[in-house]
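Letters are used for the chains, namely A, B, C and D, taken in the order the chains are written, and counting of residues starts over at 1 for each.
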Amino acid sequence: MQVAAQTPEIATSSSAGYRWARDAVGVTLILAAGLAGYWLFPDNLALLTRVIAVALLVLSIDLVTGYGGVATLGQAALFGAGAYAAGIACVNGVTEPLTLILIGAVAGAVAGLFMGTIMLRAHGLAQLVLSIAIVQLFHEAANKASAYTGGSDGLAGLMVSPLFGAFEFDLWGRTAYLFGLALLIVVFASLRFIVSSPFGMLCRGIKEDPVRIRAMGAFVFPVLLKMFVISGAVAGIGGALAAISTQVVGLDSVSFELSANALVMLVLGGLGTLYGALVGTVIFMGFEHVVSAINPFHWMTMVGALLIGVVLAAPGGLSGLLDRMSGISRRRKEKRT
Amino acid sequence: MSELFRVEGLTKSFGGLAVSRNISLAMQEGDRIALIGPNGAGKTTFVNLVTGQLQPSAGQVVLNGEDVTRLGAVQRVRRGLVRTFQVTRLFSDMTPEEHVTLTVLQREGRATRILSRFHGNSEVAGEVETILSTLGLLEVARRRVREIAYGQQRLLEIGIALALRPKVLLLDEPAAGVPSSETPRIEHALERLPKTLAVLMIEHDMDLVFRFARRVAVLAAGEIIFQGLPSEVAANEKVREAYLGNYAHARSVA
Amino acid sequence: MQTALSIAIDAFAYGMALFIICIGLSLTMGLMRVVNLAHGAFAMIAGYIASYAARDLGLGYAVAIFLAIIGTIVISIPLERLLYRRIYGSPELTQVLMTIGITFCVIGITNYFFGPTLKTIPLPGSLTQPVDVGFRTIAGHRLFVVACGLVVAGGLWFLIERTSFGIKLRATVDNAAMADALGVRTQVVYAISFAIAIGLAALGGVVGAEFLPIEPYYALRYMVTFLVVVSVGGAGSILGAVVACLLLGAVDTTGRYLMPEFGNFFFYAAVIAIVCVFPRGFFGRAQ
Amino acid sequence: MKVAKKILGVAVGALLLGSVPAMAETIKVGIIGPFSGPFALQGKNFQAGVEAYMALNGKSVKGHEIEVIYRDLPAANPAQSRALAQELIVKDKVQYLGGVYFTPDAMAITPLLKQANTPLVIFNAATSAIMTQSPFVVRTSFTTAQTTTPLGKIAVERGVKKVISAVSDYGPGVDAENAFKKAFEAAGGKVVEAVRMPLNTTDFSPIMQRVRDSGAEAVFAFLPSGPTTLGFVKAYNETGLKQAGIKFFAPGDLTQESDLPALGDAALGLLTTFHYSVSHDSPENKRFVEAATKAIGSVEQLSFPAVGAFDGMHVIYKMIEATDGKQDAQKAVDAVKGMAWTSPRGPVSIDAETRHITENIYLREVAKGPDGKTYNKEIQTFPNQKDPGLATQ
């Protein structure tokens, strides 16, 4: 401790270095897991691509819920905005995948701006209900505008051009998966960067005590709104990825059910770490996939049991469990030094 | 010395109940005022009115010659009117270092930046270190707030306020809830506050008040009933009445 | 004019049906601070019991309701002991996770044992007859639902505001530790409140089955409606729940009459407007 | 990049070669349907139809064992649909895909078929447009337009001139509205008002009020089967429309047999047109109902998706026979074009051009049987109806 007191700057940079290294390891692990998935389950790539798209949605919820403290049951509105924007653009001749992702991100961000503006007027339960109302309105609008969205029949016939002009989005879904994985890595790394920026720290503060943040002289609303826009962009990327890889956009992508499922995945994995969002998505969807394949008729009971079990065993979510374990080991290490 | 801060005729009522009545008070650079008063006199309400957490029913708050009465809490902080909280409001999962860094960045308008890193920001590290070391918090700079002693948390409250480089600082019972063994550290910190800073401190601990304050204001039932030198407080009839009134009445009835 | 009156009657009946189903959830969320998304699951269990009793055993409607309430409470007791007790006071999202898990389980189990078909609860003849109210006919059971709603609202108000149990309940809600210190057995108070809330869910499920038919997916299908109604009313407020149900019932019914194709727009736009004006719901407690 | 592509190409080729079965190998059929969730009943009917067919016709064709793999898709979800189809094709190596309850799910699978060299036999999804998405799709169910169109003539024949249409506000509902309007107005009637109801409507009395106010002599309705239907029919009775003599026409989805017990007497007298009634009087149907009941557990749960699945399996069996176990989607589909047989629903054939089923549409009235249970009584037959939606394209 004496040493730390004398040379705090060195300590500071080493702490920053530690965080940097931790994130680098984290991203590498995700990449490794993604590639492992590619080699281990070459026949399930469409499922894995769907997992990635949903993971982006869950990440986007973690931004507003885990970092901003705003619980939402309507995030699919942003996901769907991205999916439909990309889908409609694609049907109208914009078929370059990266452009479509960009369009999805922008549409999601705009929807996020809209949603944030409304939701941030309320708190707590009322806020949750606003999010539900908004996603239902989006759903209704998508259903109504069937001339553009295909309504409940879905928006079909998306012919996406090959990625970089070379890689087709085909039956085996290799292109779609690797494209999705690359997107996920880029988005995740960017998000880790964002949440460890001053802005991210400020959001964490707002989540815990907005009064204190105001007393520090910072406005709460614009900060959270900014987070909503970022979150919308992430959700929109997820939606666009889903649209590109599925070649169909359905009303389910702007549904309350998708929003609720995604929130469940996030809470399952643990809030406010971004890693938890990924863990929760993979565990939930993987588990669902396996049990529903084993028994397509009564698998819901098993998923329910999983959720109950997690609450009983790890109330802070699965990543909280991991964190506690790693926390113990880290503290031990600290004690040693 | 120039007048830095002034409230005039500040009044607040909830329903029909007036909790602050016509309060007027002025402060100069380097002022050290203690605001004292019995429980329920409306001291914290006063701080909330001044800092903008509450809107007054009447009266005005003037900072540096500017009427800030209609401005929100955030705007007042940005103009140099800063407070601490009676019950610490800190982020339990963050470290003192993170608290102060965030505050400094916010003061410099850099807290909403996305494209820079929060940790290892060498530009503000020096200032953060200075603040923490002034308060004797360097040794716990990297601990989570929920793991450090309450006295240290109180010091951190002051540290956050200082990081905002305030012109006027309102300390809401800086020693509240702190075990007496740790009080000297707080007192020490208070002594080392910047000389030009105007400080208004609410406090119950009279020893602390007498050592710290150059002026004392007494608030009772929402009204300022006395303003003057610490040495005059004890002798003032109104103050005796406010503090001891009940006992006095009790005696006269008996 | 006649049409307006007719719509008003429909709206009132629908609102009361919503009230009777949602009030139990309002109590759990407002008084016990548990976001019980499994509320609908309990209503559905009651529906199945009542359906079994009335249709398969041929028991009377009143007996079926009684059995459904008792049966559902009995089923809920072990759940309260084993699961709900763990989440009193937990963060809301943890409660959401747990109660969604319970809902999934109940749906899966119901589907397994009773199959995915709709279950009806045969009404006694007196309730199936359309009743002539002068300018139109209204189904007898709708009047019954309205009556039930009024009785429940009145009874709950009396229980919470006028009985010693109500005092203990309110004390426990405001400050459990203090109530405990004063000799209130808070565990018991919680258990009884939980049972009351479940009983109300059961009653709502059975009586409201003509509006919201009983089937395995019931709990998830109407979850949004329940949540919205409770929040708009302000969790824990009986009066708020009444007002919210009647108002939303009116918006819903009128909207569906005037412009059915935009029915949902009306409903959710109304919800957004109300929540923006009353962020805590109509009569919500400060949080 | 080029090398990577080459490797990819080789890998793909190897995969393709690997999936061509040798003689008398097990042939896998993947069935996607809503086996859980709100539409679990329809999924169960898929399963019942498939199992009934296999029970009656054996589990092998030309010595090829047939194995069915079920995959659950609880609600319309194209992304999941595609993922399931892809997995069935690539991992489980199914040679045939079947099932599919919702239109968007089918839409998500069609782009895969060509590359996968796999035919898709749709057991339900009832939008005309699916058939144009891929030449490897065959459908054994119906389209909403197909079952609805005869109603226009029927209504006029029954002396109805003014009708109000009330449909659920989603794809099939809109299809039904359009089909009815076209047929009814062609026959000389007039749709005085067209109401679209949100899917999640639970209380239909305001709609009934509108029906009453419109001055129509009959109401044409379309709602998805299940709880909403129940609410709608009940409201029709309770608000006195039935007593007032306002007639009720609808496609048969509304009175599907599995909903009839719940509807009870309220449904008596409703007129619906549909391609299949469980009560259809023919030896083929008797055998089917017996076998399917055994599979599903109770005759009360049996309804139209089962027959779609039953005939779907028939088509798949014919495809297997034609290709002799080789994976050849084109040959398989060509083999069933124009094929005709007697289904439990009556005589049917696969239209060579559209690959959609041509079938009889029956007018049914809900009546009470000798056992006191209500059933769909066929009272009129419209033979060999094609899908008008596809025919006009």
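In the analysis below, a contact is a pair of C-beta atoms (placed from the backbone, for glycine too) under 8 Å apart; a residue touches a chain by one contact, two chains touch by 3 or more.
Keep in mind it's a predicted model, so treat the numbers as computed, not measured.
J.: Show me the overlap between the contact partners of subunit A and those of subunit C.
T.: D
J.: Hey, which chain is the most central one here, using CA centres?
T.: Per-chain C-alpha centroids ranked by distance to the global centroid put A first.
J.: Going by average Cα coordinates, which chain is farthest removed from subunit D?
T.: It is B whose centre lies farthest from that of subunit D.
J.: Rounded to a whole Å, what is the gap between the Cα centroids of subunit A and subunit B?
T.: 41
J.: Whole-Å distance, subunit B centre to subunit D centre, using C-alpha means?
T.: 73
J.: Could you grab the centroid distance between subunit A and subunit D? Build each centroid from C-alpha atoms only and quote it in angstrom.
T.: 36
J.: How many Å are there between the centre of subunit B and the centre of subunit C, using C-alpha atoms for each centre?
T.: Whole-Å distance between the two chain centres: 49.
J.: Which residue numbers or ranges of subunit A touch two or more of the other chains?
T.: In subunit A, the residues touching two or more other chains are 140, 144, 257, 297-300.
J.: Hunt down the residues of subunit D that sit against at least two other chains at once, touch-wise.
T.: Where subunit D meets two or more other chains at a single residue, that happens at 36-37, 40, 44, 169, 198.
J.: Looking at the whole structure, which two-chain pairs count as touching?
T.: Listed in label order, the chain pairs in contact are A-B, A-C, A-D, C-D.
J.: Inside the complex, what are the residues of subunit D that reach subunit A?
T.: Of all residues in subunit D, those touching subunit A are 1, 5, 8, 12, 15, 35-37, 40, 43-44, 70-72, 75-80, 82-87, 89-92, 103-105, 107-108, 110-112, 115-116, 127, 129, 133, 169-172, 174, 198.
J.: In their shared complex, at which residues does subunit A touch subunit B?
T.: Within the complex, subunit A touches subunit B at residues 1, 4-5, 8-9, 11-13, 15-17, 19-20, 193-194, 196-202, 204-205, 208-209, 211-212, 214-219, 222-223, 226, 230.
J.: Which of the residues in subunit C end up touching subunit D in this complex?
T.: 3, 6-7, 10, 13-14, 17, 108, 111, 115-120, 122, 130, 136-139, 142, 210-213, 215-217, 220-222, 225, 252-254, 256-257, 260-261, 263-264
J.: Within their complex, state which residues of subunit A touch subunit D.
T.: 42-47, 49-50, 53, 140, 143-144, 146, 150-154, 156-157, 166-167, 170-174, 242, 245-253, 257, 292-293, 296-300
J.: Per the contact definition, I'd like the list of subunit D residues that touch subunit C in the complex.
T.: 36-38, 40-41, 44, 166, 169, 195-198, 200-203, 205-207, 209-210, 213, 226-227, 230-231, 234, 238-240, 243, 258-259, 261-262, 264, 297-298, 300-301
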